[in-house]
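Chain lettering (A, B, C and D) follows the sequence in which the chains are written, and residue indices restart at 1 in each chain.
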Amino acid sequence: MLKVGIIGASGYTGVELARILSTHPEVELTVATSRQYAGKPLAEVFPSLRKRVDLVCENLGPEELVDRADFFFAAVPHKTAMDLVPILLKAGKKVVDLSADFRIRDAAVYEEWYQPHSSIECIEEAVYGLPELYRDQVKNARLTANPGCYPTSIILGLAPLLREGLIDPAHLIIDSKSGTSGAGRSANVGTLFCEVTDGFRAYKVGGQHRHIPEIEQELTVLAGQPVTISFTPHLLPISRGILSTMYAPLSNEISATTETEIQELYESTYTDEPFVRVCPAGSFPATQHVRGSNCCDIGIKVDVRTGRIIIVSAIDNVAKGASGQAVQNMNLMNGFDETCALMGAPFFP
Amino acid sequence: MLKVGIIGASGYTGVELARILSTHPEVELTVATSRQYAGKPLAEVFPSLRKRVDLVCENLGPEELVDRADFFFAAVPHKTAMDLVPILLKAGKKVVDLSADFRIRDAAVYEEWYQPHSSIECIEEAVYGLPELYRDQVKNARLTANPGCYPTSIILGLAPLLREGLIDPAHLIIDSKSGTSGAGRSANVGTLFCEVTDGFRAYKVGGQHRHIPEIEQELTVLAGQPVTISFTPHLLPISRGILSTMYAPLSNEISATTETEIQELYESTYTDEPFVRVCPAGSFPATQHVRGSNCCDIGIKVDVRTGRIIIVSAIDNVAKGASGQAVQNMNLMNGFDETCALMGAPFFP
Amino acid sequence: MLKVGIIGASGYTGVELARILSTHPEVELTVATSRQYAGKPLAEVFPSLRKRVDLVCENLGPEELVDRADFFFAAVPHKTAMDLVPILLKAGKKVVDLSADFRIRDAAVYEEWYQPHSSIECIEEAVYGLPELYRDQVKNARLTANPGCYPTSIILGLAPLLREGLIDPAHLIIDSKSGTSGAGRSANVGTLFCEVTDGFRAYKVGGQHRHIPEIEQELTVLAGQPVTISFTPHLLPISRGILSTMYAPLSNEISATTETEIQELYESTYTDEPFVRVCPAGSFPATQHVRGSNCCDIGIKVDVRTGRIIIVSAIDNVAKGASGQAVQNMNLMNGFDETCALMGAPFFP
Amino acid sequence: MLKVGIIGASGYTGVELARILSTHPEVELTVATSRQYAGKPLAEVFPSLRKRVDLVCENLGPEELVDRADFFFAAVPHKTAMDLVPILLKAGKKVVDLSADFRIRDAAVYEEWYQPHSSIECIEEAVYGLPELYRDQVKNARLTANPGCYPTSIILGLAPLLREGLIDPAHLIIDSKSGTSGAGRSANVGTLFCEVTDGFRAYKVGGQHRHIPEIEQELTVLAGQPVTISFTPHLLPISRGILSTMYAPLSNEISATTETEIQELYESTYTDEPFVRVCPAGSFPATQHVRGSNCCDIGIKVDVRTGRIIIVSAIDNVAKGASGQAVQNMNLMNGFDETCALMGAPFFP
């Protein structure tokens, strides 16, 4: 049994990690940290975990942590992570970091969008933990940088087209919508129930969201040329779920078979992927059909009127967009079956 | 007192018309038709109207209707409307038609997207009832074609830019999200609570939605050149509200003052409009801030990274997107104060 | 025009007061206070008020306030109100107080459930502002204690039965469910969107909620004998709305006509009340049918199997349960039409 | 591997059965029937099941069914079940029936609340499938009558008190609230999104709901004397979840230790039950904390003011209230581990 710790267990990614790990046959959850709830059973912070997770939150520094587990999920905010992770690595532990701190390969770009970086050597070691793109590297990684939620939905949605050069990467427009759990669990007027329910809004409009450099980094790799995107996130009155609607001009003239060919490209690309599901031609994903699961659903449509293709992808931002993908990475890093504890079908209704 | 009838009172636009008219000082609601609920008090179909609207639903043909009121709202499906409206007009009545039947000026375009049109002469007479663009024509109209919900949000959002030639109309991308009331009140698995709640999806992806020709018609007039759009509608888990996120390349090089100038353009364009509200620079609309009102809120942002402008607009699809705008048109057509019965502030929370 | 001030304008009752007053023809809103948002336009705190309410929040003490208006709504927390209100009264102003501070006539009872009371003389002067019970007293009041939201729904629901002695007041069970706006607008993990949505819970179970003494006080008056209730509040995943389900044993043997007689009693009791609507026999209220309105809907049913009557009542907790009723009281206290600015039908859907 | 069939797979209990069984290691799903969707992959009817359940819906009569599996879940409406189940039993199959047809032991009572019963001999054979009460009988059953959703939440909540004679069964009041999935998946105006969301209502008020005889049957067994209840169901704007609030007078005088003793009684009663979780003293269940799981959470509180105890219980109506419990019964009937495929923690948020 692998001894596993969750650092920062009292947020939504923390409780989701605990939920998934509670049925994982190869893993024992041995420590969960929370400054705010230290001394409280995790199942009191999250009554959903009652009789399923039996662990008391502790307020521990990294040095105290290292003896408590062999593998760690760092579910702390960016900036905190970059101080913590090197200590864990130095102690010989493996880590999946759920923050943004090790996702951006170019430290200068990171520092432009975030703040100064204090452990640049770890950036170099980190693997970007999107298994569908970097499976082999993840298997050998000591440190996996778990992708952001928006980036996961977008990169999986665009990869086949960019790799094949089928779209013009100069005119990508990405309109994403996220459930409110993405905003975290801190008390905040803007995410109160009455402010969010029965409503919908855009935020960080016009090239401001910090996931942009992460998305552009990976799309650039896929396209083999620099990619700049227009990206607008929105806040949905749901807890879990991201749906991204992506618009791109097709590189070639559209023919009668274009759509079928692209549909087949997606199906063949993802046929062996356990967590990516391509919607049948003419149908499209919905967040309620991936809810509570590690799935990413993708649908495509060629708009012959405008020469564009529209790609729609959906994930559960807490699962494939965070904790589910983190466990997928843990599985790979430890030689477990990649799908272990993750094959539950989405909850519907 | 103007005697007013609602034809097709048992849908969501019907109940909203009844709600608004119930406090209108110049109007008496004299007849409400519904095939399905004939004989039932409208306040039994919609208990919200109890003690506020005292009218029994009737199943009446157009000939029986004409003597019952002087002004009619046709809140019936397209196709039904085109048979009904000419009879009302011939009898000397004025009409606001909430269907799509008289919105498209080019009958051939209508017939391409809908079905054969049986009263083309009425198309010619009809005024497109977006008062912010066609106020004077509406004042003199006998027949007003009440705009679609998506078109209202989009046209008001883009008008200032297109009129001034500030954006390239060849690359417009419009990503719209609508509340479920837009799907109407007929029993349907797809709009059951459990299918919609806690979820989000795209539909009619890739140039398929019938509001496209209506939107392109009006954007073309504004731009003074043909406009083709990419338009993707989505279904929000809310009752009321549409938010449209619009992307367009700016025609000119962006300077340090571009955003301020455009912000001022919007503010001056809409300063005297009682129902269009421009968000302060850097802030954006939310459907919950227009809920239950006839307001259209608009925010803009220049994305200097990509040379695009993003425009976000929000309306209540049942109000400014349908029944509220219909009453606004009725006010204009009858010489009432345009804002009569419509100045209620949105209800929040 | 009556000059009106809102003290504590940045909560949900504050914005609702501003919304209602914005269309009130006899009233001018002259001052709105908020410590937290001082200097900010109220329409920036609540964008729903944009172009409808033009007032900047101010941080003013009671002495500075008195010259700014002739009539005040105190929408501040209990305890704060008891210090503020005497100063306003002393300056000759009239006040509707929305807190609990002047609702309980017996100061000892207040102090048992709340804390020491510092202006007991004002308790004596205050009128309990439920117009359906105390209309004449409210007309002459300088200080009206606006009822709590739960109490409003419960007292209106039980009044006819208690007054006529038709139920046994010793076995009243009241199960109430409230929308989340009742919890206010302060940042709080428990009322975050993700904690409330798609869920339901009881709170303050077992005789703990502070509305109990207020409810019992008024039910005791109606019954003419001491009434003790079992009261359990619950939190609904909606913004606005309270529904109370009340169970009482009937005093007399049930006959074939009992239900009809009681139905008629309710109808006759409330026939002239503009804001109380009795549901037709066999039908029951729903919060969505009173949403955004000052209405209280009531339905009744005799359960012949158990000898009990079940009464169900629904209000919008922000409107009839707070700000709507406060305006109703203001209307009465100033000789305006009681229904002025309050006759809007509920918003549905 | 046990070959399992789902009869009536296109409803919400059907998709939940398929979801749970898709990860069950002892079971192979071999047939799924649906008249409406015959010929369609189940994963097209419910895209949540894509890549997880690979089965095409078939329209099969009972005779055609018997060779296709060894164990059946009958997820069809009552009345249909009573014709189907005897044929399956005669063919030597075991069955969990999710309808009401075999829950009521007294056929006369069944016929009073439902309609004539055509297979009374099966009633006699059927075991009431609440494992916490009838575990041993279920193990030996050929036919298990899966309990109703409301009854499950209520019986588990009251069992300890009734068995010990601690409450007076003559004055039980049960106020229950259910998510909308309980209303099923048929197209229906009353359960459209816009009719349910942002709202709350009671239904079947006053002793009318058909779960009453089932509840009273089991409470009577527990109490050892006839029990009659007041039961009011309500419709919550959530998909999944039932919360029941139950009120009962305590039989004995309340002392300082009463609450603690009863708390301990609940804890000891349910300590070994994997799916019943007693909330710590002073805390109460919430539907969002059992969502998607087979758990039943229970909290209790003594109201010293009124001499009553309040018991609050919560389940997921689709899981412990239907399909989860059905799989629990299947596990028992086949000698599998009772918790197999059911130990997933609730998903929150």
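In this text, a contact is a pair of C-beta atoms (placed from the backbone, for glycine too) under 8 Å apart; a residue touches a chain by one contact, two chains touch by 3 or more.
Quick caveat: nothing in here was measured; it's all calculated off a predicted structure.
Asks: Can you name the chains that touch subunit A as well as subunit D?
Replies: Shared contacts of subunit A and subunit D: B, C.
Asks: Using the touch rule from the top, work out which pair, B-C or A-C, shares more C-beta pairs.
Replies: Looking at B-C and A-C side by side, B-C shows more C-beta contacts.
Asks: What whole-Å value do you get for the distance between subunit C and subunit D if each is reduced to the mean of its CA atoms?
Replies: 38
Asks: Using CA atom averages as chain centres, what separation in Å is found between subunit A and subunit C?
Replies: That pair's centroid distance is 45 Å.
Asks: Can you give the whole-Å distance between the Cα centres of subunit B and subunit C?
Replies: Centres of subunit B and subunit C (C-alpha means) sit 36 Å apart.
Asks: Spell out, as numbers or ranges, the residues of subunit D touching 2 or more other chains.
Replies: In subunit D, the residues touching two or more other chains are 12, 181, 194-195, 197-198, 237-240, 285-286, 288-289, 291, 349.
Asks: Under the touch definition given earlier, write down the residues of subunit B that touch subunit C in their complex.
Replies: 12, 15, 18-19, 22-23, 44, 46-53, 181, 197-198, 239-240, 274, 277, 279-280, 283, 285-286, 288-293, 295, 297, 318, 343-349
Asks: Any idea which subunit A residues touch subunit C in the complex?
Replies: For subunit A paired with subunit C, touching residues are 12, 180-181, 185-189, 191-198, 237-239.
Asks: Subunit D touches which residues of subunit C in the complex?
Replies: Touching subunit D: residues 171, 173, 175, 177, 194-195, 197-203, 205-207, 228-230, 232, 234, 236-241, 243, 245, 247, 284-289, 291, 299, 301-306, 308, 310, 312, 314, 349 of subunit C.
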